[in-house]
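Following are the structures in question.
Across the two complexes that follow, chain A remains constant while its partner is chain B and subsequently chain C.
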Partner chain A sequence: MTEHQARKLASLTTPLLLIALLAVFVLLVGAFGDRSLGRMAAETLIRVTLVVGFWIFVGNSGVVSFGHAAFACVGAYVSAWVTLKPEMKTLLLTGLPDWLAQAEWHVLPAAVAAGAVAAVLALVTGAAILRLSGIAASIATFAFLAMVNTIWANWTPVTGGTSSVVGLARYVSPWVGLGWAAAAIVVAAVYATSASGLALRATREDEVAASASGIDRYRHRLAAYTVSAFFCGVGGALMGHFIGVINPDGFYLSLTFLMLAMLVMGGIGSLSGAVVGVLVVSIAVEGLVRLEKGVTLGATEIALPAGSQEILIGLAMILVLIFRPAGLLAGRDLSLPAAWVAGRAKTTK
Partner chain B sequence: MTLQLLFDALSLGGIYAIAALGIALIFGVMKLVNFAHGQFIAFAVFALIVPSTDAVAVMGLGAAPALVLVPAILAVGAGLAVASEYLVFRPLRNASPVALMVASFALGVVIQNGLLVAYGGRPKAISLWPELGKPVALLGAEVPMLQIIVIVSVLVVLALLAVMLKRSRIGLEMRAAAEDFGMARLLGVRANAVIAGAFALSGALAATVALVLVAQTGVADVRMGGQIMLVAFIATVVGGMGSLPGAVAAGFALGAASVALQAALPIEARPFRDAFLYGLVILVLLLRPQGLFAAASAKPRV
Partner chain C sequence: MMSKLGVFDLSVRYGKLTAVNDISFSVAEGERVFISGPNGAGKSSLLAAIAGEVRAAHGRIEMDGDILSGRVPEAIARRGLSMVPEGRRIFRALTVQENLMVGVGLRRDKTAVPDDLEAIYAAFPILGTRRHANAGALSGGQQQMLAIGRALMTNPKLMLVDEPSLGLAPRVVDEVYDRLCSLQAQRGLTLVIVEQSSARAGRVGGRMLLLRGGRIVADGDATAFAADDLLKEAYFGEATP
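Moving on to the complex of A and B:
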């Protein structure tokens, strides 16, 4: 086995290691945690699905998108439209077409449909947005997010407007979350090592050199954007079915901020960075939320004011950008050493 | 009726132009897309009132006479912007534009939640210069006094800024820095002074927007800068990233488009006006991806 082959094999261990890491996390929480920790684990795994989906585009293309929360929004509503009980829909969402109002799907095809609709939306809007250069494209994705939010908040007969849609089946346990997170990780790893993924990463490193080598930047960006939107759509659907209540503002700036914070802190350059970022930030958020509720230390009760969670995460994000710009993992991937994979003796130079 | 629409378009476009200018100035000198600009606006609004989480706003600075109030709020905006530059963006001077953008987004979240902690989340009613809301007859149209003041002051601000950029030394240096920052430094332009100057100006422009917004809406809300910042972003992209005249022109164009859509759309489609506006922008960019007035430095050199 040549060194190249050994390295290639070693890189295949990355998704397996990440999935194993998440599985250990779920098992540990299941064994030692209380109910609220169990909920936190499920939420974390939903975020892994979202952020790994987000990473497929941002990590490989180097273009920051502010629009992926909109795909989560669309996904959540699509899943609500097809799974809610028909009598509920005739009451709340009077503008739905007949076939949709009568639909009562199982949750799994609903999640897939959520991702598929988000992906189609990404294909159509990305075809316009991704023609722009990097920074302008980022701003256009922001406009896209605002556009979706405006439509969803005002299209009352179909989306319920600013009042929440309630009654979604709450089926998302940590294991369901783990399943989708694992799927996202596998697809992300396969895409990153595919021809399209490698070409896209070449444009990230040097746009001019890549296009001089005959790489069609636009096509690969659009492919990654579409795949990435699929998992954000699924993540949104899972979020809806985790909380049971959805609202357009639940998928707006604060979700965008959280997804970006996780990706930036873990490291935008690698898949492992995305996953580790979600774990680290989720655990920190859980701690801060408990502090906001108040903690009794001896005789004194300490409680952080509401909103300090975002402030601290924002500050942490700025500090990471200043002192460790590539994130915690600095663009490296977790993988077994190449020598182990090949067997030490057989590795030849 | 049409004259009324013209005044509406000019005053709305003027606000957008001022906000877009604040973003384009900073982008020009350090390639930073400042996602905290909307929070600079909100901060300047809240500087008018005494910090408390009560529902009723107690005027602090806002009770001062206009001659004191206006310069003081402009100074607050400029001060916040310069402080952000010093604490956040100076350490990131050599970072990539993407990292800068993400950092400014985080800074915006920090400022917004800081306001939330200090003032509470509910919108508060503020009456700043209520006498300006009275309509006056002008050329056969009923125009609120405030609108005329907004249009006049926007024109004054733009003229002052143009004179400053064309005539003063720091203005010359800023334009040089926007053209080619590396070359400008080699020719003796003081980087720190120019960048701090651009931030101070941008912050003062944000404060101008804040004053106009408060006088128009009579509300202080921690989220109030967001929508206008988004339109301002779009204006800078449509105008060609980093082009100052482009940003101003696109700001006015967006104001006009917004007023025209409001008038032309059927009643049931009006809540979606902004969605149409953003859609229109994406359409414009499909035809001219580099913006209407592309700056010379927009294309990377090889």
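Moving on to the complex of A and C:
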């Protein structure tokens, strides 16, 4: 085996390692954690699906998007529309067309539909937004987020407006979350190494040189945006079916900033950064929430003052940005060493 | 014989400033043409207009009789014109090999890609040994070779090279030109090179277009020019009698 082949094989281990890492996380929580820790694990894996989807566009194109929470919003409502009990829909969502009001889908095709509708929306809106370059494109995605939020908050007969839609089947366990997170990771890894992914990463590095190499930046951006929106749509549907209640404001600024913060913390430059960012932030938040509630150490009970969780997470983020501006993984990917992979391949032959 | 590249009455303006003023010339197949001249003569603007990066105010550009002017850079690249941009502009966070593979997306003959890749590594052995390193970690001269290799991987019929000697030590510049010339001989490439130093162009040899104030002031053999007073005139104004 040549060194080149060994390296290629080693890079294939990245998605497998990430999935294994998440599986170990789920197993550990399942073995030692209580019920609330189990919920935290499920929520973390939903976030991995969202943030890995988000990374497919942002990581490869280098264009920061503020619009991906809108795809999660659309996904959550699409899944609600097709899975809620018809009697509930005729009561709450009077404006739904008949076929949708009568629909009673299984949750899995509903999640796929949620992703598909989000992807189509991305294809249509991206066709306009992605012709802009640099910061203008980012601002346009923010405008898109605000538009979706306003429409969803006011289209009351179809979305229920600002009053929450309730009664979504709460089926999302950590293992369901792991399944979708794994799917997102595999697709993200395949895309990043595809010809389109390589072309997009080249435009991220240098637009002029990329166009001189014959790359149509717009086309590859649109492809990544569409794939990316699919997993954010699925992630939104999972969020809805995790909490059981959805509201347009649950998919607005705070979700946008949470997704961005996780990605920046882990490192925007690699898929592993996206996954590790979600894990680190989610575990840190959970730990701090528990400290706020108080822990007993021997005879003394220590409790952080309420609200210190947000402040400490903010501080941690500032420290990461100061000492590791490219994120915890700084653009590197987890993989098995090429020499080891080559060695294994030799012994199995 | 039909020329490889034809430029007719080309003008490039930036607002009120005219960078290229009504230039016409043609380049034959397999020829090596240097574009020299002082700072601000319009050399890079001329190259950028041919590659489609700036829009010509006026005039027409043809390659193999096919009109290039008015097309976007990626469409021009697809027609077989490849540009090695000024300052190299390699994709720093991608590996050396990824840099080389970026341009092959536009090729129809994908089966020839592995052989071409090996040919680039044979011409620039240092790129082969460092193929998995991040391109940003290469030295200036190595980055220039990578930029040339990247342009060659699109299998161009015509290659434009903008200031390949910029910021490189003279010994490294010699090496870059050696490789460039032998690659040209091997592949029958047509080369148009912007080179600020007319002395350098004279040593490498080929045809030279001397630009000044956006116009061609001389067109002839680079080696003969290097010794000529014409150059002083172009760089410093009218020759003193």
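Here is the rule we use: the second predicted complex is superposed on the first by the 317 of 349 C-alpha atoms of A that agree within 3 Å, B and C clash if a C-alpha of one lies under 4 Å from a C-alpha of the other, contacts with A are read in each partner's own complex, and residues count from 1 in each chain.
Criterion: a contact is a pair of C-beta atoms (placed from the backbone, for glycine too) under 8 Å apart; a residue touches a chain by one contact, two chains touch by 3 or more.
Here the structure is a predicted model, which means the values were calculated and not measured.
Visitor: For A:91, is the partner it touches chain B (first), chain C (second), both, or none of the two (neither)?
Guide: A:91 sits against neither chain B nor chain C.
Visitor: Which chain, chain B or chain C, is in touch with more residues of chain A?
Guide: Counted on chain A, the partner with more touching residues turns out to be B.
Visitor: Is A:198 touching the first partner chain B, the second partner chain C, both, or neither of them?
Guide: In the superposition, A:198 touches chain C alone.
Visitor: Quick check for you: in the superposed arrangement, does A:28 touch first (chain B), second (chain C), both or neither?
Guide: neither
Visitor: Which partner does A:216 reach: the first (chain B), the second (chain C), both, or neither?
Guide: Second partner only, chain C.
Visitor: Tell me the contact category for A:260 with respect to chain B and chain C: first, second, both or neither.
Guide: The first partner, chain B, only.
Visitor: Looking at A:147 after the superposition, I want to know if it touches chain B, chain C, both of them or none. Which is it: first, second, both, neither?
Guide: Once the two structures are laid over each other on A, A:147 reaches chain B alone.
Visitor: Is A:208 touching the first partner chain B, the second partner chain C, both, or neither of them?
Guide: Touch status of A:208: both partners.
Visitor: Determine, under the contact definition given at the top, whether A:7 touches first (chain B), second (chain C), both, or neither.
Guide: A:7 contacts chain C only, not chain B.
Visitor: Under the stated touch criterion, which partner chain does A:311 make contact with: chain B (first), chain C (second), both, or neither?
Guide: First partner only.
Visitor: Shared contact residues on chain A for chain B and chain C?
Guide: Common to the two interfaces on chain A: residues 208.
Visitor: Give every residue of chain B touching chain A within the complex, in rising order.
Guide: These residues of chain B touch chain A: 31, 33, 88, 91-92, 95, 97-99, 101-103, 105-107, 109-110, 112-114, 116-117, 226-227, 230, 233-234, 236-237, 241, 271-272, 274-275, 278-279, 281-283, 285-286, 289-291, 298, 300, 302.
Visitor: What residues of chain A sit close enough to touch chain C in their complex?
Guide: Contact set of chain A toward chain C: 3-4, 7, 195, 198-199, 201-202, 204-206, 208-217, 269, 331.
Visitor: So in the complex, the part of chain A that touches chain B is made up of which residues?
Guide: 62-64, 66, 125, 128-129, 131-136, 138-140, 142-144, 146-147, 150-151, 154-155, 207-208, 253, 257, 260-261, 264, 305-308, 310-311, 313-315, 317-318, 321-322, 325
Visitor: Along chain C, where are the residues that touch chain A in the complex?
Guide: Listed in rising order, the residues of chain C that touch chain A are 51, 53, 72-74, 77-78, 82-83, 85, 89-94, 97-99, 101-103, 105-106, 131-132, 147, 150-151, 154.
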